[in-house]
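In order of appearance the chains are A, B, C, D, E, F, G and H, and numbering begins at 1 in each one.
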Amino acid sequence: MEHVLFDHDRLARIGLPEAVFCESKSPDVLAELLIAHGRRGARPALFTRLAPKIFFSLPEDLRSLVDYHELSRTAFGSVMPEKRTGRVAVISAGTADGPVTWEAARTLEYLGIRHTVYEDSGVAGLWRLASRLKEVNGHDAIIVVAGLDAALASVLGGLTPRPVVAVPSSVGYGMARQGESALCSMLVSCAPGVSVMNIDNGYGAACAAARVINLLAGVD
Amino acid sequence: MEHVLFDHDRLARIGLPEAVFCESKSPDVLAELLIAHGRRGARPALFTRLAPKIFFSLPEDLRSLVDYHELSRTAFGSVMPEKRTGRVAVISAGTADGPVTWEAARTLEYLGIRHTVYEDSGVAGLWRLASRLKEVNGHDAIIVVAGLDAALASVLGGLTPRPVVAVPSSVGYGMARQGESALCSMLVSCAPGVSVMNIDNGYGAACAAARVINLLAGVD
Amino acid sequence: MEHVLFDHDRLARIGLPEAVFCESKSPDVLAELLIAHGRRGARPALFTRLAPKIFFSLPEDLRSLVDYHELSRTAFGSVMPEKRTGRVAVISAGTADGPVTWEAARTLEYLGIRHTVYEDSGVAGLWRLASRLKEVNGHDAIIVVAGLDAALASVLGGLTPRPVVAVPSSVGYGMARQGESALCSMLVSCAPGVSVMNIDNGYGAACAAARVINLLAGVD
Amino acid sequence: MEHVLFDHDRLARIGLPEAVFCESKSPDVLAELLIAHGRRGARPALFTRLAPKIFFSLPEDLRSLVDYHELSRTAFGSVMPEKRTGRVAVISAGTADGPVTWEAARTLEYLGIRHTVYEDSGVAGLWRLASRLKEVNGHDAIIVVAGLDAALASVLGGLTPRPVVAVPSSVGYGMARQGESALCSMLVSCAPGVSVMNIDNGYGAACAAARVINLLAGVD
Amino acid sequence: MEHVLFDHDRLARIGLPEAVFCESKSPDVLAELLIAHGRRGARPALFTRLAPKIFFSLPEDLRSLVDYHELSRTAFGSVMPEKRTGRVAVISAGTADGPVTWEAARTLEYLGIRHTVYEDSGVAGLWRLASRLKEVNGHDAIIVVAGLDAALASVLGGLTPRPVVAVPSSVGYGMARQGESALCSMLVSCAPGVSVMNIDNGYGAACAAARVINLLAGVD
Amino acid sequence: MEHVLFDHDRLARIGLPEAVFCESKSPDVLAELLIAHGRRGARPALFTRLAPKIFFSLPEDLRSLVDYHELSRTAFGSVMPEKRTGRVAVISAGTADGPVTWEAARTLEYLGIRHTVYEDSGVAGLWRLASRLKEVNGHDAIIVVAGLDAALASVLGGLTPRPVVAVPSSVGYGMARQGESALCSMLVSCAPGVSVMNIDNGYGAACAAARVINLLAGVD
Amino acid sequence: MEHVLFDHDRLARIGLPEAVFCESKSPDVLAELLIAHGRRGARPALFTRLAPKIFFSLPEDLRSLVDYHELSRTAFGSVMPEKRTGRVAVISAGTADGPVTWEAARTLEYLGIRHTVYEDSGVAGLWRLASRLKEVNGHDAIIVVAGLDAALASVLGGLTPRPVVAVPSSVGYGMARQGESALCSMLVSCAPGVSVMNIDNGYGAACAAARVINLLAGVD
Amino acid sequence: MEHVLFDHDRLARIGLPEAVFCESKSPDVLAELLIAHGRRGARPALFTRLAPKIFFSLPEDLRSLVDYHELSRTAFGSVMPEKRTGRVAVISAGTADGPVTWEAARTLEYLGIRHTVYEDSGVAGLWRLASRLKEVNGHDAIIVVAGLDAALASVLGGLTPRPVVAVPSSVGYGMARQGESALCSMLVSCAPGVSVMNIDNGYGAACAAARVINLLAGVD
């Protein structure tokens, strides 16, 4: 474990445990980390952006140490104890936003935060959003994932009093600009108080929502 | 009139009469053009982007030749005969879109096309849009003007079968990028078949709608 | 069919039936969708951006359910009944624009709209365009596909009274910027009333033209 | 009041009362709005981006209707009742961030939310930040305003468990790119769960924090 | 004359005499330079980008030393002897391109090169271009000035065998991007062998054409 | 040969024969074109951007019809008769510019224009450039190929009276931006009258030089 | 002095005393700061980007407290003691780079570092650079200021063994992009080990050079 | 060795020996160069950006001529004699910066400069940086490698008096923009006198540091 210095106090300091961004790590380093965090009794760690091609190239005994979710490209050995307070809604515009939507959901699962996922709620089908609105507003924080024109973030932001964390997704082509157009739409949304994460950063959105839930949890 | 060669056959060729883009012309040239087109019997011409500062610096007798509209920065002496077929709806997200909205409306007036303006119909107030939808759909073409996230274009595009011409407006600051974010949102709109004009180009949107109305007019 | 919530009322609401953007969907989901829409009596659906590599990896019995067109990367099982009113011209600057040109043409075929394709009509050979102009103007709406400097959109826009929908194509290298230069040229075209779609969006251009044709059809 | 359609139900719907973005409104419209909202018993409204040059050009009797704050360019007649739950820290990197910092603080004042402002806490003087950390963490949500490299957002995000809303400010020159570099730094911050607003959007940050405080308030 | 070190051998070395870019120089330095180059017998120098506001603020006796041309913002005291070989055509799309068109023409005048200016020849009026083509082709090099979609450069480049130097002009708004769209159109022009100058660089285009004329002159 | 409409009069009209841009063409179309132009007596055509992977996948008998040059990715069957007048220097900054340098050289060979190639003449080794300057100036036009900072174009432009066509090459990483930094450097070069081509467009540079040589040839 | 918290230990910590960036400060705050630092015995402070318009609007008695230099827009009351070790060369491409060049020189003066300024040494006049090279190399660090193509940085970087700090200046128009093209040229310079500052940041370049001189000074 | 003209005097002229940028060179050319520089007694040369895929495809006997380091993608046969004066610290924010960090370290090794590498010192773990600060400051120059928000460069720049060369690394996704956000953060860092290299340019940073060390070495 010489390759990575872990920040083991982060959980105490900011209430969020360790995560490993896998995209820039070699298979050897990933194997080491899986062993360290996957074994019984280890500190929990969330592996994000762990590509199927990389994960399935690892030996079976390593892979079996963790719970891997292909669409979201996440893995973890153990998870945090479930929090008794607070629930998060994760709502997405379309199925194409799945990898980001589920990265957020899986991170919430890892953090022990109860949550509900509502996919395919884009403004092209406004009645679907309308029919779900009351239920969505029953949550304590909302993560909204959308690409392209990201109109869902604006529409939803104008219909809910809850904290809204918006994540642009990199779907589309041409002037979708790998999610930059969705990002800009969210940043200049006409709905007040919608805050925004980096493109495709479902993990970060879950952490932002977790900060709200942790605050609530400290309150009760 | 040596400074500008006019394209007098354009009306016959493409059904759209002359327009003068004033932003890059000197007061002397503008004065000449106002005299040429403002006088009785002259060929009609539409003056666009004629800034109040420039217009009101012209002598009173020149100014009185034309009908000037300050918000839209447009002027014309005479207008085309009103067409008996076809009506255009011009719908905008907010009052800040006024200059573009009214440039489109004034161009339609100049072209002799009947039209209705619906301002302040942005998605922040979805019920306003909803309450107007049936009336809007009673028109033959729709011009939608919106800035910022331009969500109105997507929402409306998913609710109307009519030809929709979307014009991004350069309102806002920061990542609104002088209308570029609205432009991109419109181009990647999840509503199918919404076509887009340059930023702030209310004049062009009216011409695009006029091409549709002219087609209809030829049909009956 | 749990993966995708369909918007089955879209046809009634905006006159355009369902389409499936395949680029971000897994082979499993695509297989499900092909079965659902390819079988006799199913609601028609258009599959766009269905890459040959993906399509030809599907089992033969699935592939045989639909009519696949490789250049345009489109597929459909059944098509809409042919409309008796309205014809669309699809005109392109060069053979390199083929995928976009034919995505537009195939979408029109799917929508039951009569159309003619004129390829290789770029301004480098102005006489070719000139010799076809009268015939092109015999159509009710024009889709123009061009990349690079997109000069064809400007030249044609100045020669036809018809509604013109311009689609930039992502051909070229260097400062062609994957179609962004063509897009900008079209947006700032000196021909009035040319409206623009996202880069490579032949499907959207066909939908925009269909809105015009549907309007005409409602008129007669 | 024909010029602006107000969304009077927004307060009930999303817990945030009306605000008027003044930058694109004419003095006449602003005068109307000041009269409507400044008089005793009127619904409260917050005026943002109300430039001194515009405000001080208004008649004295209009100006006296509202409490104007020049640095933040905000005005309001009356404010919301002070909430008994929740406190927000507004922390900025430097004095140059003042307009944004105080737009956030004034919006919180308008919303009736208790708050503390900590200016000049940038990472160039880490001990200043360190000496204030415990006090800052005593708040329920944190707004961090920073321009240039925006390093404060990352450093603080790694030291607090509270919800953090980051606002890039448009200070600096050259590659500061009017705040775009600060925005990008915040979006890709190595501290998890920091969410971001548009450049200079102190108003929006306060609304985002208010959503958290409103949630808390609903809890107790 | 301590402020500027002149490159007096440039004429001998590359056949192009001195020019003074005035935009970044103080009135004091400009006064010095006008005296140095305006007086009888002085080495000739061309002053470019000399704004009317600056020029007309200089004392009358200084101004009378040089021939000032307001539209092109150029001045010179004396000019180079007229060359007996070679002629350049300067052709522009519209009157809005005047400042660039005439900067090129004035530079040619300064360099002693015979030339003809053809304004308002944009592709919106193809027949005007057609009617002038033969005459234009009678020149030895062609400078084409165009903004917006810059379609003139492509069309002309496909109709002439002469060396073509294209100059994008910064007219227009929105996605015209201060001439960047015109620049890109010219760079990716489908006409082969059209070379391009910086936006608004009429001076540079004249120098590029002069290099061709100087080559010809050396030949005879 | 149905797939491509050829512009067979281009040679007569602008003095430059046909070229085929291969990057966007299918192997089937390329095979047809090679047969059409490679056979004895056929009109000459230049194939550019013909990738080795594509070329070497063609049958041997087709490949043997043309002279293929791998580094420059060009092929031709026959070439134009050598012109007796005019010589072009092609000078590059480094070996990494080879593909562009040789695309220019091969195009000149195809056009029957005599030329010399000077590689590795970048400003990092100024004396190399200095030692070759006199010889380079003995040519009638100069093509300069450079990437990165493209300083060679500026330095050479200040040392030669000849027409200079500069081609940015897409070498480098990071802020080299695939050649855009080199392009900008060339466009804003402090040497007067350097004209510029699209990134990597060696073919276009040769055509621009050919226009100069053709002019000279017409003169003698 | 409540408005600005000073970092009085910076000098001890990093060897560079206080500086005040004036661009975003109000005249009142600037007046306070001038009084604080201009009076006899005060800690020295450098005022950068202090616009003449602002400075000359201050009362004469305040202005007399400091030494103001208009071109560089800098002011200081007292300066650091002159260092006995180390000398810096400041070399610029042209007179238009003056504000940046002299901001660097004035900062060095403030820091007590001996230096020489060499203006107008751009590559358009290579012999001027050559004639100064030996003298320039007699310094311990070199600051090079250049705009446009910034070729001077590359050429000089290939001719000197000294630490080179390059500052892009925002001169020029069009694709000079307010100095971004010069910045990119410097970043991708073919000369090894040239490091770069933000556009127009003469102050920062002097600080970077001062770090080298301070190191040297510590050595002897 | 005909393919590459070497600049063998560079070592004498600027104190930095030859380097070969391998990314754009063919395996054949690389083989030649490895033979030339890898054999005993040859002039030393550093090979940078030599991808493992390319290197390991070379014959074993060629590979054995040099010392190859896979993470940094560098190779060299022999190295420069170790300098007795001067030490450089290379400090990175995270393990993902490894390729750039070690390219810098390996270049220093090649240049015979003593150095220490401190990885994983990002601001997310400020105490790690703090605990190493004194040791880091014991070096004569500091290279800091960081991606994403690059906050380490600002924090460290405010804590050390040493020359600091900052290298942005291209880690991250979305608005990390392949390192451009890190680059901008470094350029606008609030710490004075931090100079910056191109994205991922560890080699260049080592050269910049070597210029400082060489200066020191000349002093003693």
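One rule holds for everything that comes next: contacts are C-beta pairs under 8 Å (C-beta built on N, C-alpha and C of every residue); 3 or more make two chains touch, one makes a residue touch a chain.
Just so it is clear, the model here is predicted, and its values are computed rather than measured.
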Touching both subunit B and subunit H (chains): A, D
Equivalent interface positions on subunit E and subunit G, same or different at half: different
Per Cα centroids, the chain farthest from subunit C: G
C-F against B-C, pair bridged by the larger set of C-beta contacts: B-C
Distance from the mean Cα position of subunit H to that of subunit A, given in whole angstrom: 35
Centroid distance [mean C-alpha coordinates] between subunit H and subunit E, Å: 46
Whole-Å gap separating subunit A and subunit E, where each centre is the average of the chain's CA atoms: 57
Multi-partner residues of subunit C (each touching 2 or more other chains): 10, 124-125, 158-159, 174-176, 180, 183, 187-188, 191, 198
Overall pattern in which the protein chains touch one another (line/ring/star/complete/other): other
Those chain pairs that satisfy the touch definition: A-B, A-C, A-D, A-H, B-C, B-D, B-E, C-E, C-F, D-G, D-H, E-F, E-G, F-G, F-H, G-H
Partner subunit G, residues of subunit E touching it in the complex: 3-5, 7, 10, 21, 23-25, 29, 49, 168, 170, 178-180, 183, 198-201
In the complex with subunit H, residue positions of subunit G that touch it: 10, 13-16, 19, 140-141, 157-165, 183, 187-188, 191-198, 203-212, 214-216, 219-220
Interfacial residue positions of subunit H with respect to subunit D in the complex: 93-94, 122-126, 148-151, 153-155, 158-159, 172, 174-177, 180-181, 183-191
Interfacial residue positions of subunit E with respect to subunit B in the complex: 95-96, 119-120, 124-125, 128, 171, 173-176
